Amino acid sequence: MSAGTPSTLFRDAALVVGKDLRLEWRSRVITSQVLPFAVLVLVLFAFALDPDRRILGEATPGLFWLAVLFSTLLALQRAFAVEAADGVTDALRLSGLDPAGIFLGKAAGIAVHLLALELVLGVGVTFFYGTTPHGPVLLVATCLAATAGLAAVGSLYGVLSAGMRARDTLLPLLLLPVVAPVLIAATQAFAAAYDRSSGEGWRWFGLLVVFALLYLAIGIFAFETLLEES
Amino acid sequence: MNALLLAAAEADPNEWSYVAAAYALVVGVILLYAIWTIVRGRKVGRQLPPEDRRWM
Amino acid sequence: MEPVVDFRGAVCLLGRFPALAGVDLDVARGEIVLLQGPNGAGKTTVLRACAGLVPVVEGDASVLGVDLRADRRAVRHRVGLLGHASGLYEDLTVADNVRFWARAGRAHDADADAAMARLGLAGRLADVAVARLSAGQRRRTSLAVMVARRPELWLLDEPHAALDQDGRDLVDSLMADAVAAGATVLFASHELDRAQAVAHRTITIAGGTVAVDRSPAGTAAPGAPAPTGAEPAVEPDPEAVVS
Amino acid sequence: MNTTTGGPLEDRETGSGAGLLRVHPDGTASPGSRRFGIVLSVSVVVFLAVALVISPPDSGAGASENAMGEMVRIMYVHVPVANACYLAFFMTALASVMYLWKKTEGWDSLAAASAEVGVVFTALTLATGSIWGKIAWGTWWEWDARLTSTLLMLVVYIGYLALRRAILDPVVRAKRAAIVGLVAFANVPIVHYSVTWWRGLHQEATISRFDPTIDGGKLFALMFGLLLGVALYVWLMIHRFRLQYAEARLESKGLDVALAERRAEAVADRPQAGAPLAAAAQKGTNP
């Protein structure tokens, strides 16, 4: 099914994302492992940066997104270990699912997990670092755009390194420099929202949208090639 | 900042050593890389039948 | 009668190793063909090549009328492959798995439920996570996925392995039903007694080539094409083969 | 082997151009690349003389506060090396696209070779930029937009080379590397914009950039350097590409031999595997 129509594309994407959410519902790996890890990172930042000196409050946007980035790596490894296990990759190739649909489905599943993570981390920084959130519209918009970008590029690199020797060490090396712009843009947008200078923030939001669209497009076109064993 | 630049503009003998280091680094690294490439080429070339070395 | 599988000098590489070193293979619609041969002979690679998973790099190969060298993806959703691996999500239940893969193949939930019932997976087992299943129960789940998807060509790699007596009989009857419904079966097995009782024809693979192609008429001819002009449902004569 | 037309430069430099032109029988050199290499090494010597001795130091003719003095000379290597690294990564991206289109081994080899040469040039760009920064800013590293984005680019392409090492199957490796090669290049402008805006927000003022007053002697040195940088890239690529190509040949070497060996297994296997079947077949013929 190399050339799927838009309707089969979204049907297949919905099927895959439904499967991934059900899988998480049954296994609770993200909920019971990645989520606590993310909160733990917040706590470790506090240990490293001495909570009394107001550094935490000022650095909140950056620490928040750094925690998201680290958690993304774990979530990705989980999301693609599932697809690489026990002949599932072959089954996917034979399934008749549109590869672009699989890509969108995986990305959507990861995005849902990341948004849940960001919600918890958002509460976490307010609670632990004493940061009061401002500019809720910009904050939410930034989260959505950044998450879309992270999920798209993450799915692309996740399948790329799936089933490969040393994939657990390779994935961070490949992914982190590519998502550096997301870290910069999302941090700056958050900082703008916290400082109530949201005009600057929307420019960063624009960059996040461009990033997300670019990698969604690359993923849709490249996933078919990447899904192949040879 | 301007003061810093002005200071740099005076013929500082130290400045020459930085310039020399930069040139030595560039020339040295490219030379080493070239030698390494050629050595690797000979090693691989030895295992390859001559008809596959089409540039000869 | 168009052949379902038509290989001419097909070469497949696994990395740099020629797993298939020039295979000539014909399977007509409605046939049940057994592949046998020693370990590492290339049986699994033949099945995977038929499924469009392994690229054919030399020779000609077509499956269900699709030229594998031109586009090996086009055939995939029309074949079913039961490999050594289960192809199931460990953390999902039996019912989750069968329904997901059935839906992916454009089948309905009703097909999935019927397939689970046929494989004896309805009821309590349906809600058990695959990770908790025994090897035989996983095999049944994989077979249920296959049944639900109703492929035109069944590719089974040692389908009897890990199954109990009941399960083995079930596999045999599934193959017979599939052929009765117009599908074709190509399977590899080491249990020759049972397999030859079901198969219409036995092909011996060795060293990545077809060593013996024993057509139903009983003529042993290395690499000879099967009589494709024959009627689809060739009468098997199990007694003659097994005795 | 071509032993004629040893130019005056070669003769002066070596005494016997003919002897130097003889290439190593196993190596990646050809008479053409050998001649190119000799011209190149002479040019490097001439360039060093021009850049370090002949060209004048920057006196800041226009605005005296911008004078860079001797450190302007770093620019004559830094800019060409940076230029060559962009050229190399552009070539990797181009070859990646061509591989995805044509699916031929040669494009994959070109992409791989160019990425490695590019990484070497990028590392040198960073090193020379950092040395320049030590003089201009007094620190080895400043979170300057260009330095930062170059650093990220270096890490991205180191990842590309690591990916190539992690995959054994040549076809899988070529396909995945091509996509990464493409993504890496698409990422360059995004990194550039994000880092530029990022620094633009926080830097109090743009600290002196590479904008000395360019006049005759300095312009000549810079242009000479740029030309030499491209020529060096081309020469390194000739050897690196041939090496990559030879490795690829070696990997796919002997398909015929492997096929023959594989078929021979069948003959060895036939007595055990085929015999009982043949017996059964005989029974089947005469029921």
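Order of writing sets the labels: A, B, C and D. Residues in every chain begin at 1.
The working rule: a residue touches a chain if its C-beta (ideal position, glycine included) is under 8 Å from a C-beta of that chain, and two chains touch if they have at least 3 such contacts.
Computed from a prediction, not measured in an experiment: that's the story for all the values here.
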Most remote chain w.r.t. Chain D, using mean C-alpha positions, is C
Go ahead and note the Å separation of the Cα centroids belonging to chain A and chain D.
32
Chain A to chain C: how many Å between their CA centres?
39
Using mean CA coordinates as chain centres, what's the chain C-chain D distance in Å?
48
Go ahead and note the Å separation of the Cα centroids belonging to chain B and chain C.
59
Interface hub residues of chain D, defined as touching at least two other chains:
168-169, 171
Quick one: which residues in chain C touch 2 or more of the other chains?
55
Listing for chain A: what residues touch at least two other chains?
229-230
Checked against the stated definition, the touching pairs are A-C, A-D, B-D, C-D
What residues on chain A touch chain D, complex-wise?
156, 160-161, 164-167, 170, 173-174, 176-178, 180-181, 184-185, 188, 200, 203-204, 207, 210-211, 214-215, 218, 222, 225-226, 228-230
Within their complex, chain C touches chain D through residues 11, 13, 15-19, 21-22, 36-38, 41, 55, 196, 202, 204, 206-209, 211-212, 214, 217-220, 237, 240-241, 243
The residues of chain C that touch chain A in their complex are 51-55, 71, 73-74, 76-77, 79-81, 83-93, 96, 100-101, 103-106, 129, 145
Tell me, which parts of chain A touch chain C in their complex?
1-2, 12, 15, 19, 22-23, 26-27, 29, 82, 85-88, 90-91, 93-97, 224, 229-230
With touch defined as at the start, can you tell me which chain D residues reach chain A in the complex?
100, 152, 155-156, 158-159, 162-163, 166-169, 171-172, 175-176, 179-180, 182-184, 186-187, 190-191, 193-195, 197-198, 201
